[in-house]
Amino acid sequence: MKKSLIALAALATLSGAALAQSSVTIYGRLDASVGSNKAGAPGVAKSVSQLESGLLSTSRLGFRGTEDLGGGMKAIFQLEGELKVDDGTAAGFSFNRMSIVGLQAGFGTIKLGRHDTSFDDIRDISVSSNLWDSEFSPTKVAYVNSVGGVAVAHVADYSSRASNQIRYESPSFGGFTAGVSYGFDEQAAPVKRDVTALNVRYRAGGLDAGIGYQEQDNEVAASKREYTTIAGAYNFGMFRVSGGYNKAEQGTLESTGYTIGANMPVDAWDFSVGYATNKSELAGVTSAKSSGFSAGATYSLSKRTRVYAAFLNGKAENAAGTKIADRKLYAVGVRHDF
Amino acid sequence: MKKSLIALAALATLSGAALAQSSVTIYGRLDASVGSNKAGAPGVAKSVSQLESGLLSTSRLGFRGTEDLGGGMKAIFQLEGELKVDDGTAAGFSFNRMSIVGLQAGFGTIKLGRHDTSFDDIRDISVSSNLWDSEFSPTKVAYVNSVGGVAVAHVADYSSRASNQIRYESPSFGGFTAGVSYGFDEQAAPVKRDVTALNVRYRAGGLDAGIGYQEQDNEVAASKREYTTIAGAYNFGMFRVSGGYNKAEQGTLESTGYTIGANMPVDAWDFSVGYATNKSELAGVTSAKSSGFSAGATYSLSKRTRVYAAFLNGKAENAAGTKIADRKLYAVGVRHDF
Amino acid sequence: MKKSLIALAALATLSGAALAQSSVTIYGRLDASVGSNKAGAPGVAKSVSQLESGLLSTSRLGFRGTEDLGGGMKAIFQLEGELKVDDGTAAGFSFNRMSIVGLQAGFGTIKLGRHDTSFDDIRDISVSSNLWDSEFSPTKVAYVNSVGGVAVAHVADYSSRASNQIRYESPSFGGFTAGVSYGFDEQAAPVKRDVTALNVRYRAGGLDAGIGYQEQDNEVAASKREYTTIAGAYNFGMFRVSGGYNKAEQGTLESTGYTIGANMPVDAWDFSVGYATNKSELAGVTSAKSSGFSAGATYSLSKRTRVYAAFLNGKAENAAGTKIADRKLYAVGVRHDF
């Protein structure tokens, strides 16, 4: 006992530098795959063979840490940037995914900086598994209402992140949590760009469900956009199902969509399927419909490394039922966390 | 004794990776605040609510290390980049704050790369505390001679950093040190851009005082600028006072300014006030006057984390005494080091 | 024995954070020098004094790691970016040198992402020592066929890296290895940009020799370029000699070059010399000739830090024997690894 104490003292001295360093954790995720991609107007769009980054999950590099301030309070920070492993981030690395500093205590968590909105937390529930976290999400496809030069009236998808945000996350009250985020405008008048979001969420046992709302002031008053989502997931142990309802409004334009998905782990495997559909209306008249389906399987080589194969098929039609957008994506890849 | 040696040997083996890694230290500082900012021509400028980065100190991420070369010599390096925690560095991360490699020995320190100029070392003395290290510096405000489209003849502020620099810092001789930095031109003739700076500094007990000179060759001969500063600070223990004299010359243009500040730590608090004034003359005739005042308080939650509130008020007038620029800044924020 | 085991257990607990972190290694190399550079058309080009980054080796910062997956398989990743220590990377930091994720096992190594081509591996053999790894390489000079506004028909140098690559490296079979890399096109038709490369290499004792081929589809069919190289080096212990033959073809244009070099370590010193020559022909008629010579010495202050002095002299002539390009480079510098 005493001996190990001596050793501990020696250790504390020797590895001081390394231990001090532990206040910063470097982490990341790299996801590369080989496959083909077709996206664009029907008949025009061609399949392109590609090595692609982030089809399963966005490739990223980050730095994070916490400091115990005593009395149950912590200082936290996180800097996380997207990178494309296929070309080494052509556009210059920045902390565009997350860049926050904040405080955590009994009252909850306050974060200042660039971060997901509170609305985005709820949208993530309807994501069925790791497969839906990125380009294979049929939701993304279901929003494709303008491709190949053929524009269709629709509401653009919501901003999942905002800069200049204050974000509050409550502690859990019997499974219930609430969140609110506000991203400052900071633009010269009369243009406004602030982003406000709210959520309420319930988590208990296998259930995870919530409701979220987001309002984006964009450029001019007429283009203010509102988003509402209700999402839920239930983990039966053997498999997990999830679904969501999404509504987007902008003046007389309205888009309504549904997503449904399931995934099943079998030993080191995880099998997933997902479907999403979306309908846009201009002053009550349908302007566009879109839908997407995806399926995939991942195989874990370790906790940090998995290989995968996945497939996505999506399309969009105009009011006349003519196909205006076509998307097909195939890939086999490897994802590695560090 | 012997036991701990065994432990040390084991330690050296086991944590070799971590210890080897200690040659690189990752560090940073994140500073985010909520407040309002007004800057521009009087009557036109409006207060804008904002979440801002770096009002107390510039947010940064860096990598640094030293290697002991034996015989009292060390190799050193440091890479430090500014980032904006409010939007995750919109413009792409680079090592724009510091990027050097060098050698340290009995003869002093030689650094090659991008770094503060030797002149900037002296200017920093007149900075009263952490509050004056960034946007709350009244000095910055005092230099604001052209805002909101109303231009006034004045000498632009000095460059605190230069690329392509050789920088030498002498060891201390009874409290005295000297420094010199030279940033190469590297431009196609006849444009010149080299930056030369010198300083002499005395530090003993509570006293820190120095004189600095910087010459910037800018674009054409007529726009060569010269800067001189004398600055001093005295720490009485209970509080610290500091002041500086600054002169900038460019042909027949001349700007002269003074700064004064004080800060007082009380337990975990640190209270600061500062004032700066500046006058520009064109061929001996006053062309503009400006001044700024700031006050603030920081509260340390730990050695690495502090919260703060601060206020800045500045203005500039033209020769006729008409206010041409207005600046008001309020903020409450948190700063976290890692 | 038992005591050290106790210590080990304690160690494992205490330094867990640091050891876990060891999955990511941060590394880098910074190279800064002072000297002069002349490059351009004869009579017009002037010597420019400069502080320069990466004359001995490119300055870089990287993150890498491996994960043991069991059964002899490993997951690997590496992210490495070039930076200029003289100005802190003006253009924004990105992982432009290497950005890969992959798997290693008995069958060899597969890497996905941005990486050197397989051809480049062989070209590196003809690099005589650390001195030829960057700007002091006479090969670079020998390719200078268009400088100072005087264009001469020649084949542009090969791309040493490609994005969107699959790269395979075989295990060694009695000293023999083979490699192949393919960088996807991913461009809209009819432009093609894929890069295919192959190599075979033999390493045994002091010998290192190989052959490489690379085909670059560039923009239009007429500009497809093919590169062939044969390179070898022999390390006699006292010194190392190396040489290479390089051929580049593009339609009726053909460039042929040779390089030769030697380096000799003496205690902490390493002395190097190198020479390269290149000739371009358009439809069989000589259009340009160029050559370069360099010499240098490095002195190791430690395994990780060396100082150096180097010199490069190169020129290019047109078909009439008129000098059209002039290059002279002098530098003394320091290179530090971390």
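Worth pointing out:
To keep things simple, chains are lettered A, B and C as they appear, and every chain counts its residues starting from 1.
Quick note on the criterion: contacts are C-beta pairs under 8 Å (C-beta built on N, C-alpha and C of every residue); 3 or more make two chains touch, one makes a residue touch a chain.
Computed from a prediction, not measured in an experiment: that's the story for all the values here.
In terms of inter-chain touching, the protein chains here all touch one another pairwise. Residues touching across the subunit A-subunit C interface largely differ between the two copies, under half of the numbers being common to both. It takes 120 degrees of rotation, in steps of 5, to superpose the Cα atoms of subunit A onto those of subunit B.
A separation of 38 Å divides the Cα centre of subunit A from that of subunit C. Under the contact definition stated at the top, the residues of subunit C that touch 2 or more other chains are 3, 7, 11, 15, 18, 21, 26, 91-94. By the touch rule above, subunit A contacts subunit C in their complex via residues 3-4, 7-8, 11-12, 15, 18-19, 21-22, 25-28, 30-34, 46, 48-53, 61, 83-94, 301-302, 304-305, 333-336, 338. Residue ranges on subunit A touching subunit B, taken from their complex, read 3-4, 6-7, 9-11, 14-15, 17-18, 21, 23-24, 26, 63, 65, 67, 69-70, 73, 75, 77, 79, 81, 91-103, 112-114, 163-166, 183-186, 189.
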